[in-house]
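Presented sequentially are two complexes of subunit A, the first with subunit B as partner and the second with subunit C.
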Partner chain A sequence: MDTLLAMVEGFMYPNEVELQWSVLIVLYPYITGLVAGAFILASLERVFNVEAVKPTYRLALLTALAFLVVAPLPLQLHLGHPERSFQMYLTPKTDSAMAMFGFVYLWYLMAVLVLEIWLDYRRDIVLKARSSTGFVRGFYQVLALGSDNISPRSLEIDERLGRFITIVGIPSAFLLHGYVGFLFGSVKANPWWSTPLMPVVFLFSAIVSGIALVMLVYMVVSRLRGKPIDMRCLDTIARYLLYAFIIDFSLEMLDLIHRMYEADESFKSLDFMVKSRLFVSQILIQIIFGTLLPLGLLALTQVVRLTEMARKNIYAIAGVLTLIGIFAMRWNVVIGGQLFSKSFLGYTVYKMDFATREGMLPAIILMVAPFFILWGLIRILPPWGDDAPPSTVDTE
Partner chain B sequence: MRELFKDKEHLVRMAGLFGVGLLVFVVLRGVLIPADFGDLGHYRASALDDNSSVELRFAGRAACELCHDDVAAERAKSAHRSIACEACHGALAVHADNPEAVFPERPEATPLCVACHEANVTKPAWFPTVIPDEHSEGEACDECHMPHAPGFEEVGSDG
Partner chain C sequence: MTVNRRQFVLASGKYLVMSAAASRAVGYVLAGSPERAPGYSAHDHWWAMAIDIDLCIGCGGCVRACKEENDVPLEPFFFRTWVERYHVPEGDIEHPMVDSPNGGYDGFPERYREGDGSKNFFVPKLCNHCAHSPCVQVCPVGATFESPDGVVLVDKDYCLGCRYCVQACPYGCRFIDPRTHSVDKCSLCYHRITKGLTTACCEVCPTGARTLGDLKDPSDPIHEFLRTNMVQVLKPQMATGAKVYYADLDGSVR
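== the complex of A and B ==
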C-alpha cells in the first residue's frame, strides 16, 4: 500500500488507490470474446454457407467450447467462495445484469454450444462406438446417449436441427459478449466505461479476436499434423478478419472521436491518462501494433499478389498481433477504468502480483488451460473429416 | 410413423437428459432455498434474527457516557466529538456490563493518532496531518495533545 501511495499522482479518494478489478477481470472479457468470435466464424459456414471456411468449422466449435469452459474461472478466482456461485442460479436477482449473466452463460454453453457440437459429431460418435471395444466403446456409447441410429433420415434431421441451433446461436453469441460490454458500458459512475457503444465495440473486438484465434489454431494444428493448409480457407478467414477488424476499428475510432468532440468534464483527465499511464498499452500496443499494423498487413494481402508462403507468414504475424492488440484493449478498458480518480484530479497505478490468487501466474495458467482442454477435445472428437472415407472413420 | 420416431429417438433422449437436468435443478431449488427467502427482500428473512442474536461486543457511546460524564463534557466541544469512544478504546461491552469487575487497558495513543493524522496525499488540505517521525521525533502524541480534546487552536497550526 505504501509503495502504491508513493506512485499516486495528484488526488485519489482512499478507495481508489488500490485497484479492485485485477488482471483476472481483464481475462474474463478476453476469453468470452474468443468464444463468441470462434462461434461466429463457425456459423459463417453453417448459416451463411461460406464453403471455403468449412475446414475450420468443427475446430472453431471445439475452440469455443474449450474457452467457454474456462471463461467463468477468472471470476471464480477473483470473487473467492466458488461454492457460493451456484446461489446465482437458485435465487436469481433479475434486476442485476451481473447476476443474470450466469443464465446467459449457461444458455450459451448447454443449449447452443454443447448441443450443436453433439449434433454435428453424432455420426462420428456412433461410428467410433461401433468400431471400438471396451471402455472406449462404452464412453462413446454414453456420448451417443445409447443411440446407434445414423440412418440418412436421422442425420438429415440432425442437420436441420443443427442449422436451427446455429441460427439461434448467432444472437446468443452476440448476447454473450454484448452482455460483457453492457456490464462495463452501464457503469454510469465511470466515464471511461459508460458509453452505449461499449457492447458493440466489445462484440466486434470479440469477433476479431475469435477469428484470429481460430485462424492461428488452424495453422498450428495443420503444421503439427503435417497436413497442408487449405489456402482457400485461410485466405477467406483472413478476409473476414480484415472486414471485422475494419468495423471494430471504425467503432473504436467513433467512440474516441465522439469523446474528443464532446469533451465532457472527464475528458481532460482521461486524455492525460491515455497520454501518460496508458500510453504504452493503449497507443503503442493496442492501436499501433495491435490494430493498425495487422490491419495494414491484412489489407496488403488483398491488394498485392503474394506467394502462399508470404501470405501464411503475414496471416500468422497479423493473427498474433491481433490477439495481443485485443488483449491490450481489454486491459485498457478494465485497468484503465480504475487508474484515474473519479474526482478527475489524480492517477494511481496497477501493481500485478505474481503467485497470488489474482496474480500473473493464475492468469497465465487460465490462458494456457483452454489449449489443453482443446487438445483433449480434439483427441475425443477429431474435427477433421478429411482423414478417412465416411464408413471407416475409426482410423486415428 | 414408427420409422419417423426411430430417427428422432436420439433427440428425444437428449431432450430427456435436459429434462432430467431441469428436474434436478427444480428439486435442488426446492431443497436448498430457505423457506423464508424473499419474505422481506432478496435475502433470507431469518438472517436478521441470526444477526441480532449474536452477542454484542460494543456497548455504544450512550452506555459510556452514563458513567464518564466528565469525559463526555470535555469531548462535546472538541474536534474529536464525532468519534465514538470505542473507536479508540476498543469494544467494551464486557466493561459496561460489569464496570466493577472488568477494567479496560488504557490504549497506546500514537498508533491510534497516526491512523488518521499521518500525512497522505488522499487527505484533504484542511485536515491536520503530520509526518510522525519529523513531527515528534518518537515522542508519544499524548505527551503534548489530549486525545479527548486535542484543541488545535491552542496548540497551533502544526496540529
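== the complex of A and C ==
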C-alpha cells in the first residue's frame, strides 16, 4: 500500500488513497448489462414480432440466464462481510438504492427470466420426460414441476402467458440495468458519476453489449454445430446492434459535450484525468476502438453490398470490439470515478492484483463461468428447434 | 400430562431456538439506543463542532489523540480526523496547494516562508455529522445511522463492507478498517460525550481551535461562536446539513 502513496499526484484526502471498488465492481454492471441486453433482443421476436431473429430467441434467453446466475457473485466476493449480505433481504433500508438490489435481482431472475424460459420449454421438457427413462426421466419430470399436460389448449395458455411475461420483462430488464446506472448516477459526491443520464446510458450500452454477445454466441455455436448461419437473422441482429449503438453513442457524447460546455468546478480535474490516466482505456479503447470502429464497420454493411463471408467477418470483428468497448466503458465509469480526489486537487492509481480475492484471476473466472453455465443449459434445454422431437408425439 | 423423551427433546429444542432468535433480536434493538447510558438522554442534545481556522497551529495533537483514543490503524490511509495545510499563492483561491503528510499525525515540516505573497493556514477535518447524510442514505442495511443527538454512527457488527457509504461521503471521512472489514469513521467520541466528556481531539487541542458544541444547550459557547464569527461549512453546495462549523474558512478550501 505504501507504493500507492508514491503514485498519488497532487493532493487527495488521506482516506481516498486506497481505491474502494475494484475490477469486480466493474464486472457487475458489465454482466447485468449483458443480461438485460440479451433479454431485450429475445423480446424483439416475442413482443415486436421480428420474425428474423427467431433463431436466436431461446439462445438469447439462456445466455441471459447464464450471466444472471453469475451477476451477484462479484458483489458477494467484494463485500467485507459476505456472510451478512442476507441482511439486505431481512432488514433493507428503504431509502437506500443499493438495498433494492436483492429484490430487483430476484424479481428479474424468478418472475421474469426463469418463468419465461420454463414456459417456453415446458412442452420440450414434458416430451423429453416422456421419451426418456431412468434418471433422465426423473430429472425432466422435476424440471416440468409435475406438469404433463401439453394439449394444444394448454400450450396456447403457455404462449399467451409467456408473451405477457415478456411484456412485463422488458420494463423489468430496463429496471435491472437502469437501476445499476442509478446506483452510480445518484452519488452526488462524485461528479464523474452524478448525472441523471447515467441510467439511460447504462441501459443503452447494456442493450448494445447484450445484442453483440448473443450475435457472437450464435455465430460460434452455429460453427461448433456445423450448421449454416441464418444470414437473414444475423443481418437483422447486426442492424439492431447498429441502431442501439448509435443511440448509446449519442447519449454518451451528449454527456461529454454537456460536461465540456458547462465546465463546472469538477471539469478541469476530470478533463485532466481523461487526458492522462484514463487516456488509453477511455479515448483509445472505449471511444476509438470500442465504439467508432465497430460503428463504422456496422454502418459499412448497411451502405455497401458485401458478400456473406465478408459480412460474417465484419460482424464478428465488430461484435468483439463492441464487447471490449462496453467493458472499457464500465471500467472507466467505476475505476475512473475513483482515480480523482473529491477535492479536485489530485489523482491516485488503481493497481489490480492477480490471485487475490478481488484480483484479476477471480475476475477472469467470473467472466468465463457464464459460458460454461450456458453450455450446461444448452445441454439440458437445447435451444434449436431442429433437434426437437417431432410434434406428432403430442396427443392428450 | 405425560411427556415422553421424544416430545421433551423436540419441545425444549424449539424453545431453545426461539429464545435464541428472540434474544438476538432484542440485542439488535438495544444496540441502537444510546439512552442506555446512565444519566444521558439523547433527545436533549444536538452535537456539533466549532473549528477556528485562525487558532489551528498544525501540531497534529488531535490526529494522534484520535488514533490513540479510538484505536485507529496507524497506516497513513486511515483517519477519523486529519489536518490539511493550505498554501494559496497570490490569493489564487482556485489553485491552492494542499498537503497532509500522514494526515498531520507527525505535525508539519516547515515548507513555506513568511512574506512570499501567499496565504497559509491549517484546516482540521473530521466527519461533519451531517443532518442529511449521504452516507446514511445509501447504506443498504442501515448499519450507519444518525443518532437522535445528531451523531452519525456505525454498527460495525451489522456493516456489510460494501463501501457504498465511502463513495457517498463528499468529504472523504470514511475508510474500511483493514482488521474488521467494516467501515469506520469519526464517532464524535460518542463513548465520551455521552458521559459528559468532550472528544479526544478537542480535549488535547492546545489552542482551543476545535470545540465540541451542543446546539440544544442554550448556554453552550457554540452559540456565541456561530453568532460572532463569519462561519462556513465544507462544500455547502452538497447540502448535507454539515454540523462542523468553521470560522474564517477560506474559499480555497474544499
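Everything that follows uses one rule, which is that the second predicted complex is superposed on the first by the 387 of 396 C-alpha atoms of A that agree within 3 Å, B and C clash if a C-alpha of one lies under 4 Å from a C-alpha of the other, contacts with A are read in each partner's own complex, and residues count from 1 in each chain.
Keep in mind that, in the parts below, contacts are C-beta pairs under 8 Å (C-beta built on N, C-alpha and C of every residue); 3 or more make two chains touch, one makes a residue touch a chain.
None of these values were measured; they are calculated from a predicted model.
Engineer: Using the overlay on subunit A, decide if subunit B and subunit C clash or can fit next to each other.
Structural biologist: Once both complexes are aligned on subunit A, subunit B and subunit C clash.
Engineer: Counting only touches as set out at the top, which of subunit B and subunit C does A:98 meet: first, second, both, neither?
Structural biologist: Second partner only, subunit C.
Engineer: Mind working out whether A:157 is in touch with subunit B, subunit C, both or neither, as first, second, both or neither?
Structural biologist: A:157 sits against subunit B, while subunit C stays out of touch.
Engineer: Between subunit B (first) and subunit C (second), which does A:13 come into contact with in this model arrangement: first, second, both, or neither?
Structural biologist: both
Engineer: After superposition on the shared chain, which partner residues are touched by A:5: those of subunit B (first), subunit C (second), both, or neither?
Structural biologist: both
Engineer: If you tally the residues of subunit A touched by each partner, is the higher count for subunit B or for subunit C?
Structural biologist: Counting residues of subunit A touched by each partner, the higher count goes to C.
Engineer: Just subunit B (first), just subunit C (second), both, or neither: which does A:88 touch?
Structural biologist: In the superposition, A:88 contacts subunit C only.
Engineer: Looking at the overlay, what does A:224 touch: subunit B (first), subunit C (second), both, or neither?
Structural biologist: neither
Engineer: I need the one stretch of subunit C that runs into subunit B once the two models are overlaid. Options are 26-34, 44-52, 152-160 or 242-250.
Structural biologist: Between subunit C and subunit B, the clashing stretch is 26-34.
Engineer: Once the complexes are superposed, what residues of subunit A are shared between the subunit B interface and the subunit C interface?
Structural biologist: 5, 11-14, 17, 91, 93
Engineer: Touching subunit A in the complex: which residues of subunit B?
Structural biologist: Result: residues 3-4, 6-11, 13-14, 17-18, 21, 25, 28-29, 32-33, 37-38, 42, 120-122 of subunit B touch subunit A.
Engineer: Can you list the subunit C residues touching subunit A in their complex?
Structural biologist: So the residues of subunit C in touch with subunit A come to 75-79, 82, 84, 96-100, 102-103, 125, 134, 137-142, 158-164, 166-176, 180-182, 238, 254.
Engineer: If we count contacts the way the header does, which residues on subunit A are in touch with subunit B in the complex?
Structural biologist: Residue positions touching the partner: 5, 8, 10-14, 17, 89-91, 93, 110, 115, 118, 122, 144-147, 149, 151, 153-154, 157-158, 161, 346.
Engineer: Please give the residue numbers of subunit A that touch subunit C in the complex, ascending.
Structural biologist: Result: residues 1, 4-5, 11-18, 20-21, 75, 78-81, 84-85, 87-88, 91-93, 95-99, 101, 183, 187-190, 337-338, 341-345 of subunit A touch subunit C.
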